[in-house]
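Two complexes follow with subunit A in common, the first pairing it with subunit B and the second with subunit C.
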Partner chain A sequence: MSGVDTPGMIVVGASLAGLHGAEALRLNGYRGRITIVGDEPHRPYDRPPLSKHVLSGELAADATELPQRADLDARWMLGQAVIGLDRHAHTIGLADGAVLAYDKLLVTTGARARPWPVESGGTLGNIFTLRGRDDAARLRAALVAGPSRILIVGAGLIGCEAASCCRSLGLPVTLIDPNLTPLARSLGTWVGGVIADCLKDAGVTYRPNAQVLRFEGDATGRVVRAHLADEHVVEADLVIVALGAVRETGWLKAAGLMADASGLTCDAACRTLDADGAPCPDIYAAGDVARWPISLYGDRLISVEHWGNAVAQGGHAARNMLAPADDQRPYDHLPAFWSSQFGINIKAVGLSEGADTVAIVHGSRASRRFLAVYGREGRSISAVSFDQARWLPAYAEAIRIGGAFPPIRDASDQDRIVSGLPGFPPPRRVSGSQVSGSQVSGSHVSRSDEARHA
Partner chain B sequence: MPEDTLFAEVLDPANRADPYPIYARLREKPVSRQSDGSVVVSTHAAIRSLIFDPRLSSEDLPPSRRPRTGNPIKDWLLNPIKDRIVTAHRPLIFRDPPDHDTLRGVVMREFSVTRVQALRQRVERDVDALIEDCRGRDEICLVEDFSYPLPVAVICDMLGVPEKDEPQFQSWASQLATALEPDTRHDEASRHRTAAAFDAISGYMRALIREKRRRPTPDLLSALAAPPPNGKPAMGDFDLISTAILLLVAGHETTVNLITNGMLTLLRHPHEWDKLRADPERAPRVIEELLRYEPPVHFRTRKALGTIEIAGHTIPKGAPVILLFAAANRDPARFADPDRFDPDRDDVQHFGFGGGLHYCMGAPLARIETEIALVALSRRLVAPRLLSDPPPYRSGASLRGPEQLGIGIGGVV
Partner chain C sequence: MTLVPQTIDDAEVPLRVVVDLNRCQGYAQCCFAAPGVFDVRGHEILFYDPAPPRARRGEIERAVHACPVRAIRMQAEPGVTQ
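Moving on, here comes the complex of A and B:
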C-alpha cells in the first residue's frame, strides 16, 4: 500500500475535508502516492468568508485558498468531475473518460446548493445560489452592479448572512421564509426571534410564514418578480436562493453503496457502507457528504455541514485509512458552527434537534447578548451564544458529558435563568431527491433521516 | 508526605528557588484538596477547562478591614464605610462580569497597540541608559540596576505618573502586590498593612487624577479620567482610582520578574544566550518559552461559586481554587520534555499571562519591554556570569522572582 508503484490513495473532492484528509495522511507518515481530484478548477478554499467578507467586498473570492499544513506531494487533478466508482475493480471514472485506480479512497465531494426548480423559473437570469467560490464571485459582481431590490429565499444561516451583507452595502432586501422566525431550524423560533429583530432594525423587509411559488422574468429572461403562495407579488431584480444543500452523491448511483442525496452513509469509523450495510474497508468518507452515527446522540445518523467537522473528520478518516482493521477508531465529534451577521457573532455547539426546552443562562435576549442552552428530557444537548462565547467551552464540556439541564448554576454573570419552548418547526417531509422550492434549509444537520421516518 | 499539604510546601520560602518538583507531585492529581480547604488545580487540561467556567469567580479577595484605632468615630463609622467602598470597587482582576467587562473594556480601549508600540523608542532609550550606567563596574545587581527601574519608568510614562514619585509608592506597591499571596490573605496584620497602603496610594492617585482633569497630558490616566464629550463617565471615580492603582502595580511588579527570570534562565543556558546574541530575531521565541518555563506569576486564586465536577474530581461550592499556571506550563501531558528550556519548540501555548477573561492586559507591553531588554543585555554585557545560583528570592510564591541577581561582567560595549 505504501509502495510508490501501487496506485495509492485517492481523495475525491478538493475540499476542506479533502485537504485535511490528505494532510493527515502525510502527517501520519504515509509516503505513497496521493491523488486529489476536484470538479472545480480551484485548489481547496475556505467557504465561511464567501457569504460574509467576499459578498461585502472586503475579500476577493480568489483570496480564500486554504493554507497547506504539510508537504502533500500530491497529484492534483482539478476541474475533473468524477462520474463513477467501481468498488470491485478499485477504480474511479472521470468525466473525460480517464480511469484511476486506488488502494484506498476518501470521498469528500461535499454538497451543492439546492437549486430553484427549473419549472418555477429556476433558469431565469440574476437568480443565484451561494455555495462555491465562483458563485460568490458572480454574486458579488451582481451586487456591485446595484440591483434595485434583492430577494433572498430562505432565512437559514446563508440567507441571513447574505441579508446582513446586502444591507451593509445599502441594498434593499426582502427575505422570505416559511418559518415563523429566521434560523428556526437550527436555533428554534425562541432564539430565532432575536435575529428577526435584527432584520427589522437593519431595514430588511422580512416575510416570515411565506413561500415563493415561482419567479417571473422579463423579455430578456431576467428575473423581475416573485409570486408567493399567499398571492402577493414581490418585485426583485436579483434573487439569492438559500435553501440549503444536497449531497454530491450522484456519481455513486451505481456503486452499490448506501448513498443518496442526503449523504453517503458510514460507520462510526468513517468507513462507507455497502448496500447491505457492511463497511467497505477501502472507501472512507468525510465532511458534508458523510452521514455517520453520532454516539453522543444515540448513534443517530447525521451529516454535518460545518467547517469544524470537515477538518476533524477529514483527519480522522485519514488516520483510520492508514490503520489496520482491528484499530479503526470511532469518530467522536461534538458538532459546532459559527456565523456572523448583523454585527453579532453567533457560536453554537451540539445538536439542538429534539430539544424540549431552551434556557438563557447568561445575558438576555433583549440585549442580543446571551448564551442559551437547549435541553431534552432533563439533559443538556446543545448551546448557542450571541456575542457571549466566553463561557461556551464550559457548556460544551457539559454537553459532551451529557450533563443535567441547565448544566451550570451558581455562575457569575448569571442573573436568572429564563426558559421557554425552543419552537422548532416540524420535520420537513422531503427526501433529498425531491427538491421543493419552498423547503428551507439553513440548518446545519440533515433532517432527511427523521423525514423518512416521519 | 500526604498530598493535602503539598501546597503548603509551595508556599514555603525554602522551596522558592525550585518549586517545580512539588508541582510535578501536585500534577499527579489534577485537582487536589488541601488541608486548609483550598483546591489546587495543576494540569494544563484542567486549568484550560476552568478558566472558561462561569462558576469560578475572581471575587475572592477577603473584604478590606482597617485596624482598630481606638477612635470610635473612625472605628464604627468612617473606616467601615471606607472598607465597604474599597471592597465594592476592587481592582478589576478581583471582579467578575459584567462589572469586570465594563472596566476592562474602558482600559483596553486606551491600552491600545498603538499606545504600546509608541513606547518602543522610549523603552530602547531607557534600556540603553540603564546599561550605560553599568559601565566601569564588574558586578551589577540586575534587579536593582535594571529590571526594576525599567518597567517602573515605562509604566509611569504610559500612565502619566511622575517618575520622581516612585520612591513614594514603591513600598505601597510591593505591599499591594502581596494581595495575590495566600499567606497574606490569612494574616490579619498583613491585611491591615494592605489597607493602609491602599489608603495611601488612593490618596496619591486621587490627587493625580484631579491634576490630570485640570491639565490633561497625552497619557493613559488623562484619557481614563477625561470626562467623555457626552454622557456619563465610563467609570466612576472609585473604580478609576482602583484601576489606576492596578495598572501601576501590575505594570511593574510582574515585568521585573519576567526580565530577571529571563536573564537567570539564559545565563543558566549559555548556548541559548549566545544564540540570542547572534540572532535578535529569536527574541519572541525566547520570551514565549520563558513565559512557559519561568512565568512571572505562578498562580491565581479563584472561588468556586458552585460545585464543579472536573477531571473526575469535585470542587466543593465556596472553596478557594488555586489555578497553578506554572505547573500547567510544565505539564508533560501537554508539552514534550516540559522541564527543558527550548525556545525552538513550536507548541508553546502557555499560561504565562494567565488565560480566559482575565488574560493579562499588559501582555503586549511586557513582551516589548522584555524583548528589548534581553536583546540589549545579550549584545552589550561582556561575558556575564551568575555570582550565585540560585539567587535569593522575594517572598512571594505567586509573584515569584529573584530579590537580587548578582552578575559579574567583563564590561559594557
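Moving on, here comes the complex of A and C:
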C-alpha cells in the first residue's frame, strides 16, 4: 500500500474534508500516491467567508483557498466530476471517460445547495443559491448591480447571514421562512426570537409562517415577484434560495452502497456500508456527505455539515484508512458551529434536537449577549452563545459527559437562570437525521430540509 | 487545470491563512501581532484576511505563535505538485 507503483489513495472531493483527509494520510506516515479529484476547478477553499465577507465585498471569492501542507505531494485532478464507483474492480469513473484505480477511497463529495424547483420558477434569471465559491462570486456581482429588492427564502444560518450582508450593503431585504422565527430548526424559536429582533432593527422585512409557492418572471425571463401560499405577493428582482443542501451521492447510485440524498451511511469508524449493511474495508467517507452513528447521542445516524466535522472526520477517516482491520477506532465527535450576523458572534456545541427545555445561564436575551443551554430529560445536550463565547468550552465539556441540566449553577455572574420551552418546529421525517446547513456558514445550520418550502 | 501559482518566490502569490473559529476564544493576540490581517469586530467576531500579502509573513507567523489556543494556520510555501 505504500509503494508508489500501487494505485494508492484516492480522495473524491477536493474539499475541506478531503484536504484534511489527504493531509492526515501524510501525517500518519503514508508515502504512496494520493490523488485528489474535484468537480470544481478550484483547490480546496474555505466556505464560511463566502456568505459573509465575500458577499459584502471585503474579500474576493478566490481569496479563501485553504492552506495546505507543503509536503502533501498529491496528484490533483480538478474540474473532473466522478460519475461512478466499481467497488469490485476498485475503480472510479470520471465524466471524461477516464477510469482510476485505487487501493483505498475517501469520499468527501459533500453536498450541493438544494435548488428551487424548475416547475415553479427555478430557471428564472437572478435566482441564486449560495454554496460554492463560484456561487458567491455570481451573487456578489448581482448585488453590486443594485437590485431594488432581495427576497431570501429560508431563514437558516445562510439565509440570515446573507440578509445581514445585504442590509450592510444598504439593499432592501425580505426574508421568508415557514417558522415563527429565524433559525427555528437549529436554535428553537425562543432563542431565534433574538435574531428576529436583530432582523427588525436591521430593517429586514421578516415574513414568518410563510411559504413561497412559485416565482414569476418578466418577458426577459428574470424574476420579478414571488407568490406565497397565503396568496400574498412579494416583489423582488433578486432571490436567494437558502433551503439547505442535498448530499452529493448521485454518482454512487449504482455502487451498491447505502447512499441517498441525505448521506452515505458509514459505521462508527467512517467505513461506508454496503447495501447489506456490511462495512467496506477500503471505502471511507467524511464531512458533509457522511452519515454515521454519533455515540454521544445514542448512536443516532446523522450527517453534520459543520466546518469542524469536515476537519476532524477527514482526519479520523484517514487515520483508519491506514490502520489494520482490528484497530479501526470509532469517530467520537461533539458537533460545533459558528456564525456571525448582525454584528453578533454565534457559537454552538452539541445537537439541540429533542431538547425539552432551554435556559439562559449567562447574560440575557434582551442584551443579545447570553449563553443558552438546551436540556433533555434533565441532561444538558447542547449550548449556544451570542457574544459570550468564553463560557462555551465549559458547557461543551458538560455536554460531552452528559452533565445535569443546567450544568453550572451559582457562577458569580449568574443572576438568575431563566428557562423556557425551546420552541422547535415539529420534526420533519427524512431518511436519517441531518444536522446540516452548510459550511458556507461556518457553521451549520439547519437540517438540510430545514426551510424547505416547495 | 490547477489555478494555484507555482512559483514560491513570486511576491504576487498571497499567503494562505485559515482560523478555526470553533477553537478561537477571542484573545485577540493575533490582532496585536498582525493588525489589519486580523481584526475583532463587535464584541468578539474575528475577521481575518485569508490571503494576505507575502510582506506580512513575519507578523502572521508571530500571530500563529501568539494564539493561546493555536487556532491559526498559515501556508507560506505553495508546495505544489503537478
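We adopt the following convention: the second predicted complex is superposed on the first by the 427 of 454 C-alpha atoms of A that agree within 3 Å, B and C clash if a C-alpha of one lies under 4 Å from a C-alpha of the other, contacts with A are read in each partner's own complex, and residues count from 1 in each chain.
Note that a contact is a pair of C-beta atoms (placed from the backbone, for glycine too) under 8 Å apart; a residue touches a chain by one contact, two chains touch by 3 or more.
Predicted model only: the values in this text are computed from it and were never measured.
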Superposed partners subunit B and subunit C on subunit A - clash or fit: fit
For subunit A as apex, the angle formed with subunit B and subunit C - C-alpha centres, to the nearest 10 degrees: 40
Touched partner set for A:Asp201, first subunit B, second subunit C, both or neither: neither
Comparing the two partners subunit B and subunit C, which touches a greater set of residues in subunit A: C
Touching partner for A:Pro393 - first (subunit B), second (subunit C), both, neither: both
Subunit B versus subunit C as contact partner of A:Gly308, first or second or both or neither: second
Which superposed partner A:Asp410 touches (first subunit B, second subunit C, both, neither): first
Touching partner for A:His362 - first (subunit B), second (subunit C), both, neither: first
Lowest inter-chain C-alpha distance for subunit C and subunit B in the superposed arrangement, angstrom: 6
Contact residues common to both interfaces of subunit A (with subunit B and with subunit C): 390, 393
Contact footprint of subunit C on subunit A as seen in their complex: 41-43, 46, 48-49, 53, 58-60, 62-79, 307-308, 311, 336-338, 340, 343-345, 347, 369, 387, 389-390, 393, 442
Of subunit B, residues touching subunit A in the complex: 49, 52-57, 59, 96-98, 305-307, 317, 356-357
Residues of subunit C defined as touching subunit A within the complex: 1-4, 14, 16-18, 20-22, 24-26, 41-45, 47, 49-51, 73-75, 77-79, 81-82
Partner subunit B, residues of subunit A touching it in the complex: 362, 390-394, 397, 408-414
